[in-house]
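What follows is a single structure, written as structure tokens, with notes after it.
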Amino acid sequence: MENSFGKLFTITSFGESHGTCIGIVVDGCPAGLPVSEEDIQREVDKRKPTSPIATTRAEEDKVEILSGIFDGHTTGAPICLLIWNKDIDSSEYERGRFLPRPGHADYTADIKYGDFNDFRGGGRFSGRITATFVMAGAIAKKLLNLIGVEVLAYTIEIGGIKAQPKGLDEIRQNADQAALKCADPEAAKEMLKVIEQAKGEGDSVGGIIEGTALNVPAGLGEPVFDTLEGDLAKALFAIPAVKGVEFGSGFSAARKRGSENNDPFVIRDGKIVTTTNNAGGILGGISNGMPIVVRVAVKPTSSIAKKQETVNIEKMEPASLEVRGRHDACIVPRAVPVVEAMMAVTLCDFAMKAGLIPEVIK
Amino acid sequence: MENSFGKLFTITSFGESHGTCIGIVVDGCPAGLPVSEEDIQREVDKRKPTSPIATTRAEEDKVEILSGIFDGHTTGAPICLLIWNKDIDSSEYERGRFLPRPGHADYTADIKYGDFNDFRGGGRFSGRITATFVMAGAIAKKLLNLIGVEVLAYTIEIGGIKAQPKGLDEIRQNADQAALKCADPEAAKEMLKVIEQAKGEGDSVGGIIEGTALNVPAGLGEPVFDTLEGDLAKALFAIPAVKGVEFGSGFSAARKRGSENNDPFVIRDGKIVTTTNNAGGILGGISNGMPIVVRVAVKPTSSIAKKQETVNIEKMEPASLEVRGRHDACIVPRAVPVVEAMMAVTLCDFAMKAGLIPEVIK
Amino acid sequence: MENSFGKLFTITSFGESHGTCIGIVVDGCPAGLPVSEEDIQREVDKRKPTSPIATTRAEEDKVEILSGIFDGHTTGAPICLLIWNKDIDSSEYERGRFLPRPGHADYTADIKYGDFNDFRGGGRFSGRITATFVMAGAIAKKLLNLIGVEVLAYTIEIGGIKAQPKGLDEIRQNADQAALKCADPEAAKEMLKVIEQAKGEGDSVGGIIEGTALNVPAGLGEPVFDTLEGDLAKALFAIPAVKGVEFGSGFSAARKRGSENNDPFVIRDGKIVTTTNNAGGILGGISNGMPIVVRVAVKPTSSIAKKQETVNIEKMEPASLEVRGRHDACIVPRAVPVVEAMMAVTLCDFAMKAGLIPEVIK
Amino acid sequence: MENSFGKLFTITSFGESHGTCIGIVVDGCPAGLPVSEEDIQREVDKRKPTSPIATTRAEEDKVEILSGIFDGHTTGAPICLLIWNKDIDSSEYERGRFLPRPGHADYTADIKYGDFNDFRGGGRFSGRITATFVMAGAIAKKLLNLIGVEVLAYTIEIGGIKAQPKGLDEIRQNADQAALKCADPEAAKEMLKVIEQAKGEGDSVGGIIEGTALNVPAGLGEPVFDTLEGDLAKALFAIPAVKGVEFGSGFSAARKRGSENNDPFVIRDGKIVTTTNNAGGILGGISNGMPIVVRVAVKPTSSIAKKQETVNIEKMEPASLEVRGRHDACIVPRAVPVVEAMMAVTLCDFAMKAGLIPEVIK
């Protein structure tokens, strides 16, 4: 079940970039949740490319519900969600069929699936597939909403430009609407310049996305293997271009003393909290009631116009290529809603394991 | 199956720090693999505390094979491996029962399992449990050895001191035997000073471990969810104290241009390789034949002698504590063989999914 | 993953009887298998109602491939197969919404999913869902064909009329084409009479289907829990109306002596075979190279025109109902291809576990 | 995870008949359940051989708890339960190493695991392994007890002698204590004669066991694949010698009219019940609140003293053998507590999926 994720709230993805459609089956969703195509469309729209940094592929990405919803509510049956592919132009890919693009899955897919791999537009390995994750995330977010959990993701770094930490209100507002999904508008301006410059040079830049989950009840997580960190990380590494995942103080913890990094417990408003959150809300693989904080490193877009060295795998001889197609010079902003979605899907699964979401919602 | 990991090569861990024993069941191992208690003991011994930085708990940690081996070979039946706990002193823990130690799972375990949690020595959340991972890893390494795969882990940073990159020979030699499992003896001396200084101050330090898998055949990994990165990360986050996982250029990729970070393909000795390895040997979630490179951030040991703020959860009042017990001022070296083990277990599972290891070894 | 089945060859079913569509995602199919919509249509057509005993719902049941096939071959990506629902008439069901039909899932679905259950035409519990199993089975049969395995199912009893055992040729011919999928034309005539008589009385009859898998290599099955019998049984009980599953001599073994029931081993044409097949081709949960033989008991169709006692669950008062709708007086013949499909799916999964089917088919 | 069963309440079995021990890991048990070795011993003792029909292997079968219990209660950690093997005599098996016993797994295990199979006493395929199922079942029964569910199994047929249906009180008393676990003492006398006669002739007999689960709440079961019937059947086919499983009217449903077999709904004491229980308490794969009724066919013991035809697989030549060893002339009574255990384990898993058993028991 390589294309399924989750134990009780399970998603099964299918579809290819240049095939008929992309879709996802969400299994295990309780009955009685109000869900409309608009609810899901709203989330999917956040993934849309925003000029001037993004692909010119003009997909409407219209969400269709194929099953599992009746009279505007989930029925307890699996929910199949679909987006038909429309603006397909595979000509460029035909030309490059035997020239694996550096940084892409072309070469490994060829090794694994041989000549049968659907190479058009990256096929199954395209970032486009993550639109299906966002559809599933839309449902997960609605379920989490029932128990007061809010999931937010936002850009905190692009091309070396770091955003200043911002308050929740600014994050909430900008994470969804700002072009770069960054809560710091000043930094965003600089980021945009860096992106445009890279684009102008036929190049691309990467960045870092932070995800936060608020009001997560203490007690989620199933050690020793099904830890909150482990499953969140697995979910996030399913996003193409993610090459690192850290929680709380993360890699910087490696340079801290225990006395700095340990989060002291105190009582506030009758509740046990920690004064700092170096743990990122997770101790022993289990949520401690503080915000879950995770950061993912997104590599620079692999598709670049600059000339690159590669190999013609048919003739087994050196070759070079310039990736034309239609691509984003920086994928970070479009990955933000996907991070949010995968966090929501994972937390939803854990909430169900913990018995926090009933089989029927009333 | 919170305490199980792996799909075809599956490990199921059990036991507590101060209970009767710790153990693991390895299911799915092909028949015909020569395995002795000595083979496994050798790996477990690498996790032994090394003075002067480590715990004074003096466990012999003698490995016993309870099932699955007959006439010196695996039979195809599940292999149960056990270590009896011997040097148990729970007195300190009884005293601190209602004082959750900052950075530890005490609080979250109490939330999740209530009064029934086995709090003695961290119980199920103790680093001691990872000795069972090492036992399973010993078998995984033997299986990987059959297809020429070598897994190596080694310390690359402790308390802010970074090791210089070293060649494979130095790594192979020092990763196993050096006190700090660091391939750079010069850096190791500095690291030791930092650890001793922290220890002297009743404090602790963290660090970074790098893991490398050599000769991994191209084609391992099952996108879109069961990616090599995702499953390796999940496996590594099962190690207590790990707070970050990155592959290849990892978080530094976020600051690179696509033209820098993409690994160009070339032909060498008739084989397709990449000239750099920013991908850490993984493209599209699938191995590309280059070395798998992963780094994990290990937080400073949570148990410190310094006075810390906490809460008495029984009386719900502020409290302070000094963790006495018997602890490591730096857990990094002892986590090295565990990283190696979890990498081996994960790669072994993928090798089996890819059909590279037969049901019977001849 | 209640709606998924299989470990390496995994199917995920979705859709409802009177919803937009019914569909299935087949994950884990190797790349390179030639698959066309016609291939799958051919299998689905075997499930079509055949006059005079069947429902008058006139569904074209046209198969559409949504993903996973490129240039006529599987790509290694998940294959989504769909049938749009067309001839929907839910009026009768609206009327009976609060009157659970005896023998149907109406009552238990209401208990489990509350008012949100899609009750129209049995919704998710309709026999119509099994058309999705047949689509997945079509692919499984093609994969099994590569290793020479043939799966056959056929009616051996309806309404108390037993068929005479027939040779493989007669079975092959009649299982697919004969109206009752029975290899014995004489018995089939009697069966038809019994069905027509029951139908005339507003009643229904059940029967027994036998499934055989030929040329199954010895060695398939994963004890102690993932036995061949266990997984085949689980797969077959997913077919609505199946209430019993037995292998080889099955329940009659309970009345035999060991000396009768044990199958003696002999050598024939240089191969070890058994002279009888009371084991149904399975010993210790593992195939022994003899034909796999399984029989499933199919209860009489629950939907009958005769007046039945029930309860109005809204008003909690006694009620009676006559099920009108459009139903089969005997579901047995239409279940035959479904038995075949579920056997194929299960055996395909085991063949993949045993490494008999490569990741890429050449 | 061939040796694991269950999704939330998961058991992982290990050990061999003539190895060091047999054991099981129970994962997912909530914290706070009082469990002692005596509790588990009591269930295991029901599986003990009872003269004069049984094996003379004299195993004390003393249960040891290795993990997961602290201060007399479950902790939420995995529970490892062990029985050391003591009365081992493998001499007979060495002699018959290359002579697969008809009806046994010797031949298929040899095919699957080659020369490495632990053939002594049937190794992993021995009925002795089911003692580990009973240990897990003891915990499952305690959990089910919390929600009022009672699981009972009892012999209803041996060697063709059928028991008369009896009331719950007689069943409760005799299922545990009577030598043949049959609620009908008159029939039991006849059964004993049949067994003794078979034994005298160096032969064996089979039989049928019925299992009932009382007070199962309506709503358990996860269609379309994780049905109550499907998972119970899979669990029961894990018991060696089981060759058929049926629910409610089972195979006899095939000969009934719909009007006979459908169970009419009525209101009794304010509750919806059915007047008959041909469904065996399951509709659409979901419990309907009526007793779950399942029957399993147990084949006659494969080990018989009578001379049997087989093949010397080393020399590939015809051979004959008389199985000496120490065996039961009828395994049915000893399988009764195993049926009970596997039913309990399965129902417990479903109860947890339905959220009926909390993470911590208070």
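Should a chain be cited, it is by its letter among A, B, C and D, assigned in written order, with residues numbered from 1 in that chain.
Assume a residue touches a chain if its C-beta (ideal position, glycine included) is under 8 Å from a C-beta of that chain, and two chains touch if they have at least 3 such contacts.
These numbers were taken from a predicted model, which means no experiment stands behind them.
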### Query
Among the chains, which has its CA centre at the largest distance from subunit A's?
D
### Task
Any chance you could check whether B-D or C-D wins on number of contacting C-beta pairs?
C-D
### Query
Which whole number of Å gives the spacing of the CA centres of subunit A and subunit D?
46
### Summary
Whole-angstrom distance, CA centroid of subunit B to CA centroid of subunit D, is 38
### Message
For subunit C versus subunit D, what separation do you get between their C-alpha means, in angstrom?
### Response
27
### Task
Any chance you could list the residues of subunit C touching two or more other chains?
1-4, 7, 13, 112, 124, 219, 359
### Message
So in the complex, the part of subunit C that touches subunit A is made up of which residues?
### Response
1-4, 6-7, 10, 12-16, 19-23, 25, 27-28, 31-32, 65-68, 70-71, 73-80, 82, 112-118, 120, 123-124, 359-360, 362
### Query
Okay, in this complex, where on subunit D does subunit C touch?
1-5, 13, 100, 102-105, 107-109, 111-112, 124-125, 129, 157, 159-160, 198, 203-208, 218-219, 221-227, 229-231, 233-235, 237-238, 240, 242-267, 270, 272, 274-275, 278-280, 282-289, 297-304, 306, 308-311, 313, 316-318
### Query
In the complex of these two chains, what residues of subunit B are touching subunit C?
7-8, 219, 353-355, 358-359
